[in-house]
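For reference, chains read A, B, C, D and E in written order, and residue numbers begin at 1 within each chain.
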Amino acid sequence: MPRAWPGPYGQRAGVDRTDPPCILRPENGPVGPDRRAPPGLRLRGRARVGAQTLFGPLDLAVAPGRWTCLLGPSGVGKSTFLHLLAGIADGISFAGDLGAADGAPLAGRVALMAQADMLLPWLTARDNLLIGARLRGETPDTRAAEAMLERVGLSGMAARKPRALSGGQRQRVALARTLIEDRPVVLLDEPFSALDIATRVRMQDLAAALLRGRTILHVTHDPAEAARLGDHILLLTHRGLTELAPPRAPAPRPPDAPETLEATGALTRHLLACECQPAAAPSAEGLT
Amino acid sequence: QDEMTVALDWFVNPDHGPIILAEELGYFEDAGLDVEIVAPADPADPPKMAAAGRADLAVSYQPQLHLQVAEGVPLQRVGTLIASPLNCLLVRDDGPVADLSDLEGRKIGFSIAGVEEAMLAAMLRGADLTLDDVELVNVNFALSPALMAGQVDAVIGAFRNFELNQMKIEGVAGRCFYPEEHGVPIYDELIYVANPELMDPDRVARFLAATEKARHYMLNHPDKAWEVFAGYAGELDDDLNRAAWADTLPRFALRPAALDRGRYVRFEAFLEGAGLVTGTRPVSGLAIEIDPALSAPQEGAGE
Amino acid sequence: MKALRPALPLLLGLVLWQGAVWLWQVPSFILPGPVRVAAALVDNAGLIAGHAAVTGLEVALGLGLGAVLGWLSAVALALSPAARGAIGPILVFTQAVPVFALAPILTLWFGYGLGSKVAMALLIIYFPVTSSFLDALLQTPAPWLAQARVMGGGGWRQMWYLRIPAALPGFLSGLKLAAVYAPIGAVIGEWVGASRGLGYLMLLANGRAKTDLMFAALVVLAVLAIALHRAVDHLAAAALRRRFG
Amino acid sequence: MKALRPALPLLLGLVLWQGAVWLWQVPSFILPGPVRVAAALVDNAGLIAGHAAVTGLEVALGLGLGAVLGWLSAVALALSPAARGAIGPILVFTQAVPVFALAPILTLWFGYGLGSKVAMALLIIYFPVTSSFLDALLQTPAPWLAQARVMGGGGWRQMWYLRIPAALPGFLSGLKLAAVYAPIGAVIGEWVGASRGLGYLMLLANGRAKTDLMFAALVVLAVLAIALHRAVDHLAAAALRRRFG
Amino acid sequence: MPRAWPGPYGQRAGVDRTDPPCILRPENGPVGPDRRAPPGLRLRGRARVGAQTLFGPLDLAVAPGRWTCLLGPSGVGKSTFLHLLAGIADGISFAGDLGAADGAPLAGRVALMAQADMLLPWLTARDNLLIGARLRGETPDTRAAEAMLERVGLSGMAARKPRALSGGQRQRVALARTLIEDRPVVLLDEPFSALDIATRVRMQDLAAALLRGRTILHVTHDPAEAARLGDHILLLTHRGLTELAPPRAPAPRPPDAPETLEATGALTRHLLACECQPAAAPSAEGLT
């Protein structure tokens, strides 16, 4: 994917810049931006609700085909970021640039796993997975849905409605629904927050395997998670956006590898130290 | 002033000429009466209200009175407003029905009231037909429109002083077959009814006297009378009412209190023959003649 | 005690009825007591049953068609704001027109047969379904719509897979209302020119001063109405229970 | 184009009307064309305005009272399953009774004055509010109720602080329906011994086959109905918008 | 609070058995169970939904006036536990013993912070805090609510409706609502799951300070959290209930204290190692 990526990543050491294995690219892509190839993402500008500024002028760049983790204090605007990129930030007025780095519209290329599970209460787990295909008029693949449910550890629960599932089970159904969408850009908003450690590690591995080579923006509060999965780690605070160094090993990293643990520790210290109360005036520069 | 509530049979229209005029000309006041005129939408309502004591007097129809008394409703005719039948079997003048015998196999519209079927049966009998030879359709509120639109070939229950004029105004000529010319006994179309137990004969007598005076005013000053009537409410002054007024004028009872017993005897027998009432009641159970002399000396303010 | 429960409203109704008759001394030619009406009901059982069957058929037809048409209209109106703006007021208008204004037009078009009666009943039954369902269709929770937008579903598929199921409670609420209006819809339909049905029988009895027969027919109509309402209520509850299985 | 939008339904209505008159050759004594009715409207402007004022007042009163009574009844019924079982069917029954059966009873009790008319109108307007609101009150999401139970709130406080606000959309939905029924409620109320109001004028004009006057009054009633519906719609939307501020 | 506590805790070393500071006990308590003193909790039995067993025969005992953390894989029944104790497990049929160890009914003595935030969408944050008082007919204390909102870091957001809050902010409103309830027994279902680390630590400290001396049952997936806060740590798996040793230091422990970190590591290893898939037949013995 030899495309100029406008971002600071190339200059940084320790970032793997080899092209991602582009499993999604069709054999003979059309000229112009390839709709199946994962594009980079860019968001530059400021967001407001009414008269209130949600975040000041920021410049977020997400590398194409890489896994980017976004950390930051509660309420700083991480979910809003994802909503803006997914084109569903109703009621937010955004002034600036926003979209895929390849210039083509993002619509139709994004899957979003929102912070709330957003399962439809009248559908079984299986049908909740198939709703995307149904909405697009594709033939729903029941077998694939059941296989995906099994991969997230919910075999045998395909026929259950969301009400009969535990919080973590519902989150896994939502994850499965996002994974089965098969989109080049995937936005994940705290996708593993309701899972126990063991399940969380399994789900991280699953997501890493299935989403390999796509452009991922992953909001998380878990430093260990960022240390495991992030090709890039961004920290959003009320003062602006900072890039933090991920471990050198390629993601996903083993949860108990010393490098991972060390990076987790470093991130944790950073997060605990960072200024988390809203700053009076947001810093003008986005990336430090 | 004695208060009195009078329920008309329907909204105010030329049929109620003497009542409206008595009110407008102050005859009620002169008779010491403060009359409240109530106009309901459903003609079946006023007799019930009179029987229940909600109204002191109600305007109703003689045929209905027979049915109501037979059902045990405590009502009696105490006066007459229109002393001739108004009901008629109405057809289009340019229609296929030239003679009653032409009705065979045709649609006849009616508006449910109670005695229309019996009248129709009597009229058909003269043409050697029965109700089975025609198709009866309840057209409810739309008698003349149904006829003019050709949905039915005849309607029973039309009033000769109204529906005929309506059709004329719409440019469709109509023709009436009069029930009293085809085997139905002559009856009083509009009468005053009251509950004999509850009524105050003195007030009723004064009421009837006032309307009698108004009736004679109409007789003497037909044009002025119309103006007074049309001034009662804004919606009354129109072509139809004007035409109806002229047609109704000769039909108002000149002696509202006077009772023709024979009419009640004959109509009761007619209804029994039609199977609408079982047995016959004596006239005294149906109608009385208020004799002012009987009640005048007693204290009028009553209850 | 438990077995008595379904009979409770009936009992209460009878008590209220008899109580009203006694307390206000309502004369029997306005409101006959239960006993008299029961007698009339027994005496005229065959007659009333025949007319009730007609009305029952009209109610069933009206409710069925009303539910289907109401469903369709609500969906169509929900899909198109332009239609909503243009047709909505016309629908409102049809509900404000007194029957006697519409009746001659309907009979002119549909004749005096079942058609005009069903049309009249429909006009009454169909509106609550449309209104309630449309209301619910326009209130699909925004986050679901947003999620569907990300997934790339729009237009009628979004309608079919998301908004319609989400609006089910609204549809059922409207259906329950419609079930209440169905009997009066049929009766008013009969008003428009009928020679059969409970509405016709009541008008006839009213014209003939046979109040007890009128109320006997009314009792049958009430039983029909209440049974229908209860049936639709149970169906609706079952549908809601099923959906969250 | 934008400025034309509110006039669109009006235009469409006129086109449909004139089209029906032409297409089916509807005779003018059944459905006069718009031009004739407009002429009648102008000729009788003063008369119609006077009657419209009366009906307008009745509609406002009926809707106001209906909303309040409907609200109260729904809450009372939601609080007591016993009341629901016993009174619910009676309410359903009142909606199935034809006006000619009820009118004499109401006049007997309330006399010929405003009372019986308002009672009749109320009976019609109040029901959709009660039904829709009750429906919503009985569907408070179970988790909220559970949370309230843990917090120790029961009875009327749970009703007031939780179930009633949660059911607001249902109430508004019912109110919108009631707004649609309010004009016909008032017109039917005028059936009961009135000599004023648009309903009276229409009945009178109908009884005398003055079809153009009847339709002129009907047009005014339609405008009233549609304006009312639109107003209540906007109010409801504003209320829903405010609540999630 | 010299009351016999029926449980295995007395026998275990390392557990602080001194009476909790009973801040809630009135000066002159009535004879019989004191409704304001935090009771122990007990749940012994099995739970079913329809024909399906949710958890086999278990015996859970929660020490009075102590902070008990409950860990366990997703879907094992932790939330169901809390719902059963709170008396709101609709649709679950439970056969066995359940309730306060002092024999008095639990109703009115429990506050529950459920897994979903359960905020009422039409109420402002402030009014969401006051809803409990309003439901009970007490005079709502607006000042206290605003103070509590400030303590959870949401000063200035008192007038916002839930829709205008971020996920973590909503969770903090729910936490504040639970804290302001002032009940002797508090059930917390993953109360800090949507918070970034810094906020999480602050909220943990706040909860620990305000809930000191009450009986807490706290479901969490975060071993560090359990290591910081737990006087007792229970692990629920499909095989049954196990008690794990908390650090010896009194809770709340500093997040970066070696003992806390060590316990976190041990717990993590335990969780990663434990058998997390449903067992064919649940073990008959509850406590091992």
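Note that in this section a residue touches a chain if its C-beta (ideal position, glycine included) is under 8 Å from a C-beta of that chain, and two chains touch if they have at least 3 such contacts.
Here is each chain with its UniProt name: A, E = ABC transporter ATP-binding protein; C, D = ABC transporter permease.
Bear in mind the structure is a predicted one, so any value in this text is a computation, not a measurement.
Engineer: In the touch network of chains, how many steps separate subunit C (ABC transporter permease) from subunit E on the shortest route?
Structural biologist: 2
Engineer: Starting from the defined contact criterion, work out which chains touch subunit A and subunit C (ABC transporter permease) both, please.
Structural biologist: Touching subunit A as well as subunit C (ABC transporter permease), we find no chain at all.
Engineer: Find the chain most remote from subunit E, comparing centres computed as mean CA coordinates.
Structural biologist: The chain farthest from subunit E, judged by C-alpha centres, is B.
Engineer: Return the chain whose centre of C-alpha atoms lies at maximal distance from the corresponding centre of subunit A.
Structural biologist: In terms of C-alpha centroids, the chain at the greatest distance from subunit A is B.
Engineer: Taking each chain's centre as the mean position of its Cα atoms, how many Å separate subunit A from subunit D (ABC transporter permease)?
Structural biologist: 51
Engineer: CA centre of subunit B versus CA centre of subunit E: separation in Å?
Structural biologist: Distance between chain centres: 84 Å.
Engineer: Measure off the straight-line distance from the CA centroid of subunit A to the CA centroid of subunit E, and report it in whole Å.
Structural biologist: Measuring from centre to centre gives 31 Å for this pair.
Engineer: If I count partner chains per residue in subunit E, which residues reach a count of at least 2?
Structural biologist: Subunit E, residues with two or more chain partners: 116, 164.
Engineer: Give me the residue numbers in subunit B that touch at least two other chains, ranges are fine.
Structural biologist: Counting only residues that touch two or more other chains, subunit B contributes 44, 48, 52, 141-142, 145, 149.
Engineer: Show the residues in subunit C (ABC transporter permease) shared as contacts by 2 or more other chains, in ascending order.
Structural biologist: Residues 26, 30, 100, 104, 108, 191, 203, 206.
Engineer: Output every touching chain pair, sorted by label.
Structural biologist: Pairs satisfying the touch definition: A-C, A-E, B-C, B-D, C-D, D-E.
Engineer: With touch defined as at the start, can you tell me which subunit C (ABC transporter permease) residues reach subunit A in the complex?
Structural biologist: 142-144, 146-154, 157-158, 161-162, 165-166, 168, 243-245
Engineer: What does subunit C (ABC transporter permease) use to touch subunit B in their complex?
Structural biologist: Touching subunit B: residues 26-30, 100, 103-104, 107-108, 111-112, 191-195, 200, 203-204, 206-211 of subunit C (ABC transporter permease).
Engineer: Using the touch definition up top, name the residues of subunit E that touch subunit A in the complex.
Structural biologist: Within the complex, subunit E contacts subunit A at residues 49, 71-75, 77-79, 115-116, 153, 164-169, 172, 189-190, 193-201, 221, 223, 255, 268, 271-272, 274, 276-277.
Engineer: Subunit C (ABC transporter permease) touches which residues of subunit B in the complex?
Structural biologist: 44, 47-48, 51-52, 64, 67-68, 70-74, 112-114, 136-142, 145-146, 149, 151, 276
Engineer: Report the residues of subunit C (ABC transporter permease) in contact with subunit D (ABC transporter permease) in the complex, numbered from low to high.
Structural biologist: Residue list for subunit C (ABC transporter permease) touching subunit D (ABC transporter permease): 5, 8-10, 12-13, 16, 24, 26, 30-31, 85-90, 92-93, 95-98, 100-101, 104-105, 108-109, 127-128, 131-132, 135-136, 139, 169-170, 173, 176-177, 180-181, 183-184, 187-188, 191, 199, 202-203, 206, 214-215, 218, 221-222, 224-226, 229-230, 240.
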